[in-house]
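Paired with chain B in one complex and with chain C in the other, chain A is shared by the two complexes that follow.
Right after this comes the complex of A and B.
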C-alpha cells in the first residue's frame, strides 16, 4: 500500500512537471517541429529577441501587470485596513462586494467592462487593460491583506499611537514592516494573475497593446513556434528566481526569530 | 508631596461612556494624586478598562471631561497626551529589538541620538534587562517581555503610566514577585501609576489608594487598609477579601443590631442610625472567634454548628451554620488555637463571637448587587429572605 502511494506521488509529480521540463528541453531543440528532438541550439532564443511583436507584447504585459498589481495592492491594503480595523457600517456587504469579481465569470466581466468603456468613450489601451485587471486582482490582494491584518494584535498600533506616533509613522515603523511579507505576496499574486490573464485582456486590449498571452494565443492559428518555448523557459526561470528570492528572505526571517 | 498646591495628576469630572444604549461607565468623578500608585479594581465587565481607555484617549467619552495635571485634555489626541499605557498583551513590536522597542517613543519624538541611548540604557537598567538589549521580544520570557513593556512606557518620562492587568499572563509565583518589583520601580521613577486589575490581592499589595468599581460606578476610593477594614458597601466588603454578611435591623435604642433568628449581636452602630432600619453587618472571617461548647450551656455569643473545615497551610477555615441556616466562615491562623479547634468534630455545637468593632454596619442593599462568589454570602442571601 505504501509502495503504491509513493508511486502515485511520483506520477503526480511527473504529471505536474513534465510540461515544464518538455518546454525547457524543446526550447533548445534545433528541429522546426516541436515533437522531434534533432539537436541542441540557442537559435530560438536569438529569434525571440529579434521578434519585435512578441517583445512588444511582453513589455505591454509587464507594464500592465506592474501597474495593476501596485493599484490592487494599495487599494487592497486600504480596504483591508478599513474592514479589519474599524467598525464599518455594512462591513459584511463591503467584504462581499469586493469579493464578487472572484465569482462572476470572467467572460461576463469582460463584456461588461467593454460596454462601460465604450459607452464612456474610453479608447481601449493600457488604461482599460489596467482597469480591467484591477477588477480581478483587487479581491485577491484584499483577501491576502485582510487575513494578515486580522492576525495582527490591534494593540500594536494603539501602542504606537500612545508612544506619540502619527498614523503615518505608525504605518511606516510598525504596520508596514510587520505586513511586508503579506504585501509582497499580495503584489506577486496580483501581478501573475494580471500577467497570465486572457479573457479580460481580450475585451480590454486595444490596437498596439496586445498582451503576451493574447499574442501567444493568436499564434495558435499559425502553429506554435519553438521561439515560444524559449520565451516560456525564460519566464519559468524568472518566476523561479522571484520565488527563490522571496523564499530566502522569508526563511531568513523565520530563522532570525526563533520562538522560545 | 504638597497636595494643596499641586493639581491632581488625573481629574475626571462627570466622565461617562455609553456604547449604543448600553451605559458602561456611569457619570463619575475621580481625582488621582501626583506620584500615586492608584488601582482601579473591579470584576471583569465593570467598566474599568473603558474608564482607562477614556483617560488615554483611545475612547471618546460620551460626557464629562478629563484633566491631566490641571489641564483639560478633551481635545488632545492620544499621541499628545502626557501618558503611556502598558497593554495587557504588552504590545511589543515583534520586528524590533528590545532596545528599539524602548527607544521607539524617543525616536518618534526626535530626541537627540546620544540622549536616546542614555535614556534607553537607564530604562533597561531600571527593569534589570540591560543585558537583553539586542534580543527580539520572541526570545524573551513572559516576565521579561512585561519588563520591556514597562521600560518602554516610562522611558519618555510621562506624567502618568496606565497599566491594564499587566500581570494577568504571568504564573502565580512570578506575579507575586512582579507586584513588589512594580511597586519598587514606581517609587524609583516617581511616576503616577494607574493600575487596572480584577485581582484584589494585587491591588491591596501595591496601591496607595484603590477605587473599587462595579457596574460602571466607583463605589469607594480609599487606602487598602480602609477598603479592607471599613468597606463602604456590601459589594466592597465581599469583593475585597472574604466577608460574612448578616442582615439585621437597628434596635429600638438605635445603638445595637438585631439579626432575625439570632438576636442582638455586637456591632458599632454609627450615630444617627434610624431605629428599625435594615442594615447589613460585615464581619471578616479572621475577626471572628469560635469555641466548642456543650449543647445545653448558656453562652454569650452566637450559636452555630460546625459544618466543615479546611486546612490552608497558613490558616484553618471553618464553615459553620447558624440556627437560621446561614453559613459563615471563620478563619484562624495556624497555631495552637487552630490545632485545638481543628479537633472539634463536624456537626459539633460551637459559639461564635466578635468584638463590636469587628462588625461593620453597612446600609442594606438589594441583594442582587452582592456577588454570588463567596459561599457564605450566597447562603446568607437565602437565609435573609
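Right after this comes the complex of A and C.
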C-alpha cells in the first residue's frame, strides 16, 4: 500500500508537468494550422515581440504590478512591524482584518469593487486596477513580513540598544538588513500575484487598460495560437526566476509554515 | 520579539502604522461588501437597473430552474474538486513529508512552480496537451484509437480544475504533516498496525487542520472559477463564476448578480466556520486527553 501511494505521488508530479512540457515543446512547433508537431522554429517568439496589442497589455500589467506590489509591500511592512514589534491591543483583530481578502472569494471581491467604483464615479483604469490588486496582495505581503519579523532573534536589537543605538539606527543598521530578503520576497510574490490576476482585473480594468491575462483570455476565446505557447513558455521561465530570487528555503517557510 | 516594556508612545506609533492597512480593508473590502449585500435586496427594473428599495425577489429568482441548475451543477463540481484535491493532496503531502530532509524542499519546489505559473497559462496548456493534433490525441492515434479533440469536454474541465487547485491543497496538508513526530509511525509499526490503521489512526487525525484548510481553500473558490468552463468546457456547463460575470458585465443586472455573490460569500463563511469548529473540537479533545 505504501508503495502504491508512492507511485501515485510520482504520477501526480508527472501530471503537474505534462501540460507545461506540452506548452514548451509546442512553442517551438513550426506548424501553424494544427498543433501537430512539424519541425523546430523560433518564429512564434519573434512574432510575439511584433504583436503591438500584446506588448501594450504587457506594459499595463507591468505598471499595475509594480505600483500594486510597492504599495502592498510598504503597507504590509508597516502593519507587520506594528503587529510583531509593538504591543498593539487587539492584535488578533488586526491580523484577522488584513487576512479577510484571502477568505472572501475573489469573484465576490471583484464584483463588489466594481459596484463601489461605479457608484463612486471612479472610472475603471489603472487606478482601479491598482486598488483592486493592492487588496489581494496586501495579505500576502503582510504574512511574509510578519513571518520574517517573528523569526528574528530579539537579542540582536536588544544588543544594538544596549550598545547605545537609537531605535532608528537599530532599525536601519540591524533590522532592515536582516529583513531585506523577505522584503524582496514580499514584493516579488505581490508582483507575481498582480501580474497573473484575471478575476479582479475582469471587473476593474477599463477601456485601454487591458492587462496581459485579459488580452490572453480574449485571444483564447477565438482559439489557441502558437504565439501563446511561446508567451506561456516565457512566463514559466519568469516563474523559475522569481522562485530562485525568493530562495527555496524562504519559499517553503512562506507556503508551508516554519519548521515545527 | 515583543518588548514587554513598550512605552505608550510606541503603542500609538503602532496604531499609526496599521492605519494604511485598516483603510485599505475598510474602504476596499468591508464597504464594497456591505454595498453588495445591500444591492442584493434592491428592486431591479426590467432591464436590471438598480431601483433601491427592499425585496427578496433576487434571491427567489435564484431558485428559477435556469439559475438553480447552474448552482446545483457548480456545487457538485466544487465538491468533487475539493474531495479529489484533498485526497490527491494528502497522498502527495504524505509522500513529500516522508522523504529525506534534503529531498523535501526539491519536491516542494516542484509543486510551487506550477502553482506560481500564470493561471491562464496553466489553463491553456491543457488545450495544447489535450486539443486536436496535440500530444495526447496523437498518442491515441499511434495506438490506433481515433479520438476527436478532448477540448472542449467535461474531462478537460475536471482535470484543469484539479490542476489549478491541487497545490493549494498540498501546502496546508504538508505543513500539518511536517509536525507529526516520525517516531509515531515507527511505534505504530512496532505495535503491528497496518498501512490502513497507521493512516486512519495517526496521519489523518494529526493532519486534520491541513485537511480542513485544504477543503476550505478548494471548495467554495471552485464555484467562482469562470475561465476554465469557457476555455476547456466550451461554455456549455457554466459555473457560478460564469453566471456572476455575465450578470455584471453583460446583462448589467446588478441586484441579481449581487444576490448570487452573497450566496457564494455565505457559503465561504459557512465553510470557514465549519473548518474552525472541526479544529476547535479537535484541540479540545486533545486538551482533554492530556
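Throughout what follows, the second predicted complex is superposed on the first by the 216 of 260 C-alpha atoms of A that agree within 3 Å, B and C clash if a C-alpha of one lies under 4 Å from a C-alpha of the other, contacts with A are read in each partner's own complex, and residues count from 1 in each chain.
As a working rule, contacts are C-beta pairs under 8 Å (C-beta built on N, C-alpha and C of every residue); 3 or more make two chains touch, one makes a residue touch a chain.
Keep in mind the model is a prediction, meaning the values are calculated, not measured.
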item: Touching partner for A:55 - first (chain B), second (chain C), both, neither; value: neither
item: Chain B versus chain C as contact partner of A:166, first or second or both or neither; value: first
item: A:134 touches, of chain B and chain C: first, second, both or neither?; value: second
item: Chain B versus chain C as contact partner of A:155, first or second or both or neither; value: first
item: Partner chain(s) touched by A:178 [first = chain B, second = chain C, both, neither]; value: first
item: Touched partner set for A:122, first chain B, second chain C, both or neither; value: neither
item: Dominant contact partner of chain A by residue count, chain C or chain B; value: C
item: Residues of chain A at both interfaces, chain B in one complex, chain C in the other; value: 256-257, 259-260
item: Chain C residues touching chain A - in the complex, by the definition given at the top; value: 1-3, 6, 10-11, 13-18, 20-22, 24-25, 28-33, 35-36, 39, 88, 91-92, 94-96, 105, 107-114, 116-122, 124-129, 131-135, 138, 163, 166, 171, 174-175, 178-179, 194-196, 220-221, 223-224, 226-227, 230-231, 241, 244-245, 248-249, 254, 257-258, 261, 264-265, 268-269, 272
item: List of chain A residues in touch with chain C within their complex; value: 1-2, 5-6, 8-10, 12-13, 15-20, 22-23, 25-26, 34-37, 74-76, 78-79, 81-89, 94, 97-98, 100-101, 103-109, 111-116, 119, 131-132, 134-135, 138, 142, 150, 152, 154, 192, 195-196, 198-199, 202-203, 213, 216-217, 220-221, 224, 228-229, 231-232, 235-236, 239-240, 242-243, 248-249, 251-252, 255-257, 259-260
item: Sites on chain B touched by chain A in the complex; value: 56, 58, 78-80, 83-85, 87-89, 91, 93-95, 104-105, 108-109, 136, 138-141, 152, 156
item: Chain A - residues contacting chain B, complex; value: 153, 155-156, 158-166, 169, 173-174, 177-178, 256-260
